[in-house]
Every structure is written in structure tokens, then in C-alpha cells.
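Order of writing sets the chain letters: A, B, C and D. Residues in each chain are counted from 1.
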Amino acid sequence: MLTVRGLKGGYGGKLIVDGVDLDVAAGEIVTVIGQNGAGKSTILKSIFNMAPVRQGEVALDGKDIFSVSPYQMLTVGLAYIPQHHSVFPKLTIAENLRMGGYLLNDAALLQKRVTKVEGMFPILAQRRNEYAASLSGGEQRMLEVARTLIMDPKVIMLDEPSIGLAPKMVDLVFSTARRLAEAGKAILMVEQNVKAALLASDRGYVLELGQVRITDDAKALIADERVSRLYMGIRN
Amino acid sequence: MRLSYSLIVTVAILAFGALAPVIFKTQPYVLYVLTLALCYAIPVVGVNLLYGYTGLVSLGHMGFAGIGAYTTALLMKSAGMPFLPALLIGAIASGGVGLLVGIPCLRLRSHFFIVVTLAVGMILYTLFNNLDSITGGAEGLPGIPRPQRFSLGSWNMEFRSVSGFYTLTFIVTALVFGLQTLLVRSDFGRSLSSVRQDEALASARGVNVFAHKLTAFALSAAIAGVGGAMKVLFLRAAAPLSFELQESINLIVMLIVGGAGYLIGPLVGAIGFIALPEFLRAAAELRLVFFGFVLLVIARLAPRGICGTVELLFRKLSGKDASVVRHS
Amino acid sequence: MSAILEVSGVSKRFGGIRAVDGATFSLQCPGIFGLIGPNGAGKTTMFDIICGRHVPDSGEVRFHAERINGVAPYRLAREGLARTFQECRVLPDETCMDNVLFAAQDKRLGREMLQAVSRGTAARRNTGAEARRLLRLINLERYADQPAGALSYGQRRLLEIVSCLMSKPRILLLDEPASGINPTLLNTLRDFLIEIYRETKIVFLIVEHNMEFIMSLASEIVVMHQGRVLAQGAPEQIQSDKSVIDAYLGQS
Amino acid sequence: MATAIFEQLINGAMMGSIYVLMALGMVLIFGVMQVLNFAHGVLFMIGGYFADLFFFHVTGSYPLSVIFSMLSLALIGIVLERAIFRALRQNLPMQIVASLGLILIIQNGVIQFWGPAALQMRTSSVSSLVKIGQLSFTVQQFVIIAVVAAAVVTLYLFLMRTRLGTAMRATSQHPEAAVVVGINPNRVYSITFAIACALAGAGGALLGPLFLIFPQMGDGPMLKALSAIIIGGMGSVPGAIIGGLGIGIIESLSTLAIPTDYRDTVVFAILILMLLLRPWGLFGVRVRGEC
């Protein structure tokens, strides 16, 4: 589904991601872990064409989407949820969802998609006329996922979805990701919460200083000694 | 090479300035326009100290020039005070008002600070226009005496004639430019420049950013006051119209076109804006339209005015690296 | 002998989030100290509190037994606290030499005005030699007269550190010096830091993500997690500390 | 006394409406693009000149010439945004230099093209009077208040109900998230500028017939509109509306107490007090962090 070859990216003169190859198949959850500053977020920004300095190839279903402008990525099926809260705080939940479908100019289809998504997240349906800022951290995360699903993308990239959430909410986020994968979507996650994320994923990449050091099945990585040593800066 | 380059330019300007009365003996009109340009160059130096070196934009600076002008004019006209003390008190008055405005307003965010200077300029203009008992209201203050004769042994100088007053203005302008050079090429100037480039870094290195901004603002207001006073003495009348919003905008136009952050930027800008068009006989409006386009070019392509472009060309010709060092 | 830097019970909230929550640690003697912790542990906020950029809601920070929390950054700089920035800030329009000399300049308004009148250049001349020596140390001497804006990111990072040293600080705070630096320059940076530590013998406090870099450089590590100090000790001890590994791998 | 107050209230509401038109334009541009457009006054002014041009030379009908004037200003707005302000979004000093450049070009261009003398635009709505008690007002005054009220409601509905309006609000609240959901920021910026300049054009076209159309007619209203958006709270649309109306009414009522020459000073004194005591304004959100 999503293939990335030789990706380089950075900003402010700093080259942070230095040649990364990645693959995410449909129905699969792939997680990228590594200490922060290793370039995890920059990978997603570079794929989505939001990093000022970038090189390499990005293809979705074999089609090259490297030079697609960021606000058109959804039209080719690639969605991205940024790290910090990306809801529109002073828009209502319903308006946030409508903005999720900004690119749809068919009102009926938009309404159909909104009701389908509200079905998946009942909390959003009940409070649809409240401002998004009134939601809790976890609920805002749900709204972001729901908003992204309006365009029914093939690939969804999540930047540290569990950050700042209570454990109960973290499980909800990862189970939702699993539900989406089972529905055939490809999920690429970047995570700080290593153990919980790997438990919920199929495959993982371990990143250090902008390069992939280890790639393996998620279960294998959990048991892999090298991961914790790498986190502690011990040269293996 | 760097020092000699700016030394040559300075000596050349000083020589030409000093000899101007002789060169243009037969054309008093040229001297008239040059004097007017110099009267404008002085407040532009004030704005240069503020924007060019400290990074603060003030849209009401002719208001401070007005305070200096009216103070000096009243002291000379009613109190009969000689020129020098009256000018100094005028400068202190405008500098003082600058301090009073600066203390509360310099802590505001840049958007708000600019709007406050605009509002202060407007309020000062309204006061000049309406305090009839003091400023003579809309008609202004006529009959301002020229400075008395100044004699040194056998050699004496009178300021009634255009060339006489030109020489006086030239001396005052040279002193103001000398003050600017002293301030800029010193530890104080370096701290101001650090405030312009990166306030957080400046304070992390020990610069009291607020104190430096306040000092720069008060100094630039005082210098503007001197400029206002000279212009009023030259025209022998103080009218509110010469201190309204449009005039404050002209100061910034002159600075930006001349070259903000350059010592001779204000002079080049003032001559270019005031003197040049007089000789080209272009209609006033076309001149301003032309300057409008020059501003757009500067805003978009960000060359640093005439001085910046000249330096860039100079560096390219001499093959040195094209990047520009500001306080040349 | 009281500790050089003492942080006791410091807390700071931004909106709902408790960035720093009662952190306490102290640096007793000169040395290179690392301050690490997973994302959102509050180490950057802690760093900014020590530098005076944020005022803590509660608790105290003492530098050589003097209370410094709430003191303005420019006063701290004059007290001998020098810091670098995460985004690496230099004066882009000034030459490298002027950047370094400016850092050493006495920035009290009165002194500056005096110099403007007296035109005294003795102060600048004396520091000129030291400046050239340090520039040679980071082989930037040939760029002395080039504007700092033209340097590469790594070179600007070294110039920033040299500028800090020029003001003869009693403590040097480095904010993620290794981030975005290519491996070859990283060794130059490590050797340079070791070299200047040997020369100055003051406290270096380095906030850093690059574990391999900080573990090989620091003599003592402070680990922060969820706004509190989780552990403090020698690198080897920290690397094998179960609670630290769990903190990083998200067993929180 | 009551009739004098009532008369000033009407005048205040009328002038306040003009300030609202100008303030709405400036607050939209600032809210969505963080650009402070000091040249808004001259755009307001050429709105008047275009209305005069269309009225005398193209269509005889005043309403049509107002609409044509708004359309031409919208076009000018798109060109200005594209050529000048889009690149200056982070650079406040250069925004000012560009604005000053525009002021010089447009103001002196108008003097060159139309001549310095003021234009008289006698429309029917100005000459016919309305009698209330023993006070008489020109119909134009009520036309202005009505048109501005309609403009405010239309703008409100546009921002709240339409896809594009919501996209504009979204971009001003969270630019990165707007891009992520597929909103093209450049398109939003040019539409914002088009609307803002059209509103300014409407202001000029409405005020022109009542007073005179002359090159400096936009300067005063621009300064009042600028004060309005700051007092109302930078970036807050309701703030701009209430700020604009408030200044108009306070200004007119103040003429009962103090000489009319000090009318402007009252407004600027309030502005400075507001900036010192409550820089984030009535409705603005308190922005934390170093000032």
C-alpha cells in the first residue's frame, strides 16, 4: 500500500531523517519507535510533504505521490493526524467533522459519511453542537480520528496518538486503530509508548538518529534486548 | 579596506557639504532645498537609531519633532533665549516625552507598540492644532527669530541669509550624524543591534532589553526634536501640518529608501526624497508614486535601500562575499 | 560547601498540564551533568526555569546558595549563568568574531554609554586574543570575519557554545547540543566539551535526547519522568536502572 | 438635550457602521493571515472613487455602482494578497513598508488621475431628507446603517454556515490542521483578502455621497477601525463590530461635551488606555508568553 524509499527530511538547516525505507500494507498496523529526537515525527511530516527540506520517494498503491501538495494528500488516500491536538478548538464537533469532508463537494455523501462516523464514536454524536475545546484529551483524539475517516483514506498516519492520554484512553486509541486495520486500512504509527504500541501492532521499525536500526515483527521487538539497550544509548 | 571605504565617503560628504554655499552661491534655491533636506535628515537619523539599529517601528515620530520645534520656537520667540540653549531644551523636552511614552508602551507586543506610536503621533498633532494659547493653533506660530549673529574674533557669521542658515543646519546635522556614529559604533550600538536581531538571545547574554529599547526611544525622540526645531527656525514659522501623520510616514519612507541600518542611510534618503525631485521638476504626485513602488520592491525583495544596494554592488565588484554586514 | 545548583520542590503548570511537578535535585560539585527523560517528562521546562525564562509556580532554585527563580534572564547572565538554545541562536548579521566579542562585552547600560564616549577599546582588545584562541579550537578561525548567518548548522552550534564561554560563566546550560548534528561533527563536539570542561572546571548541565552522546560524556545523569526526578547517578547505574528503562519504554 | 443626544446617536451609528465595514476587513485579514494591513484606508478611498466612476460613466444607478466598486476592490484584494502580502505573513516591519508603499501609490495615483479636488456625488438618497421630530437626517445615513447591518449578517452567515466560511475560521484557529484536512491555505488567503477589500470598497462607496470623495477620506476611518479591532480584541469579529459601533457612537456623543477638534483624541486616548490595561481587548483571547 504505502512504500517509502530513501526518505530524507529536516528543517532549519538540520537534516533529521537520513535515508529511511518503510512499507505499510493494507490491514496492517506498523509502528515506528525510537527516542525522541530520532526523527520519528519528521518521517511523517516528510511523507506528507510538510517538511521544508525533503528527498526520496513516496508511493501509494504504486503511484508516486512525493510531490503532491499536503492539502491534496487526502485526495490520493493518505491521511495524517499531527502530534499535538489538531482539532479546531472554537468550531463545534459537527463543524470539525464537516471540515474533515472539506474536499467532498457532494453534500449527501458528506452527510452519509458523518452519520457513519458518528455511529463509530457515539460520544461525538451526543455532544455534536459543543465546541471541540470542551472535549477531554482522549475525546479530542477520537474526534481527530473520526474527522480523518470522513474522507475514507487508504492509509492513516498517526503521530504519537497516545501522548498525554490516561491509560484507559490509550487502550481505546489502539483498539480503534486495530478496528480500522481490520476494515482494510493501512495504519502507520509513530509512538513513544513503546510496549503498549508494539502490543497493538503487527510490525515495527526502531529508529535511531534518523536511520532505521532494527525492523521486525512487533512481538519479536518486544522481547528484543537490543531495543532497551538502544534506548539507553548502549552500543550493541 | 572597510574602514577606509566609509572614511572616504564621510570625508567626501563633509567636504561637499561645507563647500555647498560656495558652489551654489549663484543658485540660492539649491541651498534652500538642501537645507530643507538636512532638516529632514535629522529626524530620520532618530528613526534610523530606532528601526535601523534597534528594530522598533514608530509611526508617530514627527509628533516628537513637533515638541522640540514648539519648545525651541517659544523659548526663542517669547523668552528671547539664545539659539543653543533653546535647541538643547527642545531636545530634552522631546526626549522626555519619548521617555514618558516609552516606559508604559515598550512592553507591548510589536503590533500594539506600532499602533500606540501612531496614536501618540495623532494626539500630539491634535494638541498642536488646538492649544491655541501655546502653539498658536492651526495657523501655527509665526515670526520665529533666526539665531543672533555669532562672532569669533574678527570672523563673524550671521544666519539671516539662506547660505548662513544652511551652514548652521549643516553643522547641527554633522553633529547629529557624529552622535549617531558614536552611539552605533560602540558597545551600546552592538547591544542595540543584538536586540534587533534576537531579543531572547540578547537577554540571555545579559542585555537589559527594556532599558536599551527605552534609551534608544528617548534618544531618537530627542534627535527628532532637534530636527523639528531646525525646520521651524528655517521656515521662521511652526505649523501643525508639518508634524502630522503623513510627515511621520515620510520619515520612514526616507529611511527605508535611503537604507535602514546604515550610518548615511538617513542622509541619502532625505536628499533623495526631498532634494532630488525638486531638481527633476517631476510633479509631486508622480514622485510619491515612484517612491511607493520603490517601497514595494524593498518590502518584497528586501534589498536594504540605496545604501544596501550600493554596498552589494561594491562587494560584488570587489569579489568579496556578497553577504552584508549591517553597521558599515 | 553548599551545592552549586539546588532545585527543590519546583512545580510549573501550563493550563491543565503539570509540566514540572515537585522536582528536586542538586549538583554538588563541578562536572558534566546530563538531564534526560522521555518526551513530556518536563526536562525542557525545568531547563527554562533554571535559565529564568519561566517562573515556577512553587519551589526554589538556588545557584551558589542564592535564590534565582524569578530573576530575569539578563541578570542571571550577569551572575555567570550562560545558556544555549535548542534552535541554536547566534547573531546572524554580525561576524563570528563580533558574536564572540559581544558575548564578553560588559552590557550594563552605563558602562556601554561610557565606552561610547571614551571610545575605549582596551576591553575588546583583551578579549580578542581569547576569542581567537577559542575560534581556533573549533577551527572556525578562518571564518572570523564572515557573518555568522553564513555558517553551517553544526558550526553555528559550536560558535554558540564558544560565545557562552566568553562571559566567564560559573555554570553552562546546553539545550540539546547534539540534535541535528552529523556523526563526524558529534565527535568534535564531544571532544570540544571535554576540553573546555577541563579548562573551566565549572558545572555543565546538558539536556539531551541523544543517549549515546550524553552517556559517554556526562559524569552524572539526572532522569526526569512525568515532571519529577526519577533517578540521579552515574551513567552505568542509570543505564541498568529498571525504573528508568520502564519509563522510556512506556510502562508508566 | 434629549434630541441632541438622539441626533448624535444616529450620527454615531452611521459613522460607527462605516468603521465596522473597515474594521471587519482588517480583522479578517489579521485573524486568518496575521497581516496588519495599514493600506486599508486607501482601499476604502478608491472604493468611493470607483463608485463615482461607475455612477457617472457606466450605470446611472447608485446601488449598481456600489456593487461594481466592491467587485473591483475584491479583484484588487486578490492581486495584493498574491503579489505582496502572502510572502510577508511572518514579517511585520515589511508588512508596514509594503502598506506605506501602497498608500503612496494609490493616494498619489488618484490625485494624478482624478486630480486633487474632491468629487461631489449627489445621489437621490443623499438629497432626500427624513424628518424625525424636528430633526432631519438624509436618507443616505439610514441606507448606510441598513447596508452595513445586512453586510454583517451576510458575513456572519457566510462564516458560520458555508463550507468556505468555516474553512476560513478553521485556518485562523489551527493553520496546520486546516492543511491536514485538505484546505488550501493560499485559496483561503486570497478569498479573505477579496472579502476584506470588498467591504472596504463598500465603505468608501457608501460614505462618498454623504460627504465628499477625496484622496485622504480613508485615513481617519482607517485609524478608527484600527482602534476598533484592538479595543475589540485582535482577530475577534464580534469585537470588531462592537468596537467599530462603539467608537462611532462615543465619538459623536463626545462632541456634546468637548470641542469637536478633540473628537479623535478621545478615541486614541481610549485606545492607549486599553492597550496598557488590557492589550488583548474586550473579546480577544489572553495570549500568554513574553510580550
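Just so we're on the same page, a residue touches a chain if its C-beta (ideal position, glycine included) is under 8 Å from a C-beta of that chain, and two chains touch if they have at least 3 such contacts.
All of these numbers come straight from a predicted model, not from anything done at the bench.
> Specify the chain most distant from chain D by Cα centroid.
C
> Please find the two chains that have the most C-beta pairs touching each other.
Counting C-beta pairs in contact for each chain pair, the top pair is B-D.
> For chain A and chain D, let me know how many angstrom lie between their CA-based centres, rounded off.
So the centroids are 43 Å from each other.
> Round to the nearest whole Å and give the separation of the Cα centres of chain B and chain D.
Chain B and chain D have C-alpha centres separated by 33 Å.
> Counting in whole Å, what is the centre-to-centre distance of chain A and chain B, each centre being its mean C-alpha position?
56
> Suppose each chain is reduced to the average of its Cα coordinates; what separation in Å results between chain B and chain C?
42
> Scan chain B for residues touching two or more other chains and write them down.
200 - these are the residues of chain B that touch more than one other chain.
> If a residue has to touch 2 or more other chains to count, which residues of chain C qualify?
In chain C, no residue touches two or more other chains.
> Once you've mapped the touching chain pairs, tell me: line, ring, star, complete or other?
Looks like a ring, each chain touching just two neighbours.
> Considering every pair of chains, which are in touch?
So, checking each combination of chains, I get A-C, A-D, B-C, B-D as the touching pairs.
> Touching residues of chain C toward chain B in the complex: what are they?
51, 53, 72-74, 77-78, 82-83, 85, 89-95, 98, 102-103, 105-109, 111-113, 115-117, 119, 146-147, 149-150, 163, 167
> Quick check on the complex: what are the chain D residues that touch chain B?
Touching chain B: residues 36, 83-84, 87-88, 92-98, 100-109, 111-112, 219, 223, 226-227, 230, 234, 259, 261-262, 264-265, 268-269, 271-272, 275-276, 279, 287, 290-291 of chain D.
> Name, in rising order, each residue of chain A that touches chain C in their complex.
10, 12-16, 35-38, 160, 163-164, 191-197, 209, 227-228, 231-235
> In the complex, go through chain B and note every residue touching chain C.
Within the complex, chain B touches chain C at residues 182-183, 186-191, 193-194, 197-198, 200-209, 211-212, 215, 321, 323-326.
> If you look only at chain B, which of its residues touch chain D in the complex?
So the residues of chain B in touch with chain D come to 51, 55, 57, 59, 104-105, 107-112, 114-116, 118-120, 122-123, 126-127, 129-130, 200, 245, 249, 252-253, 256, 283-286, 288-289, 291-296, 298-300, 302.
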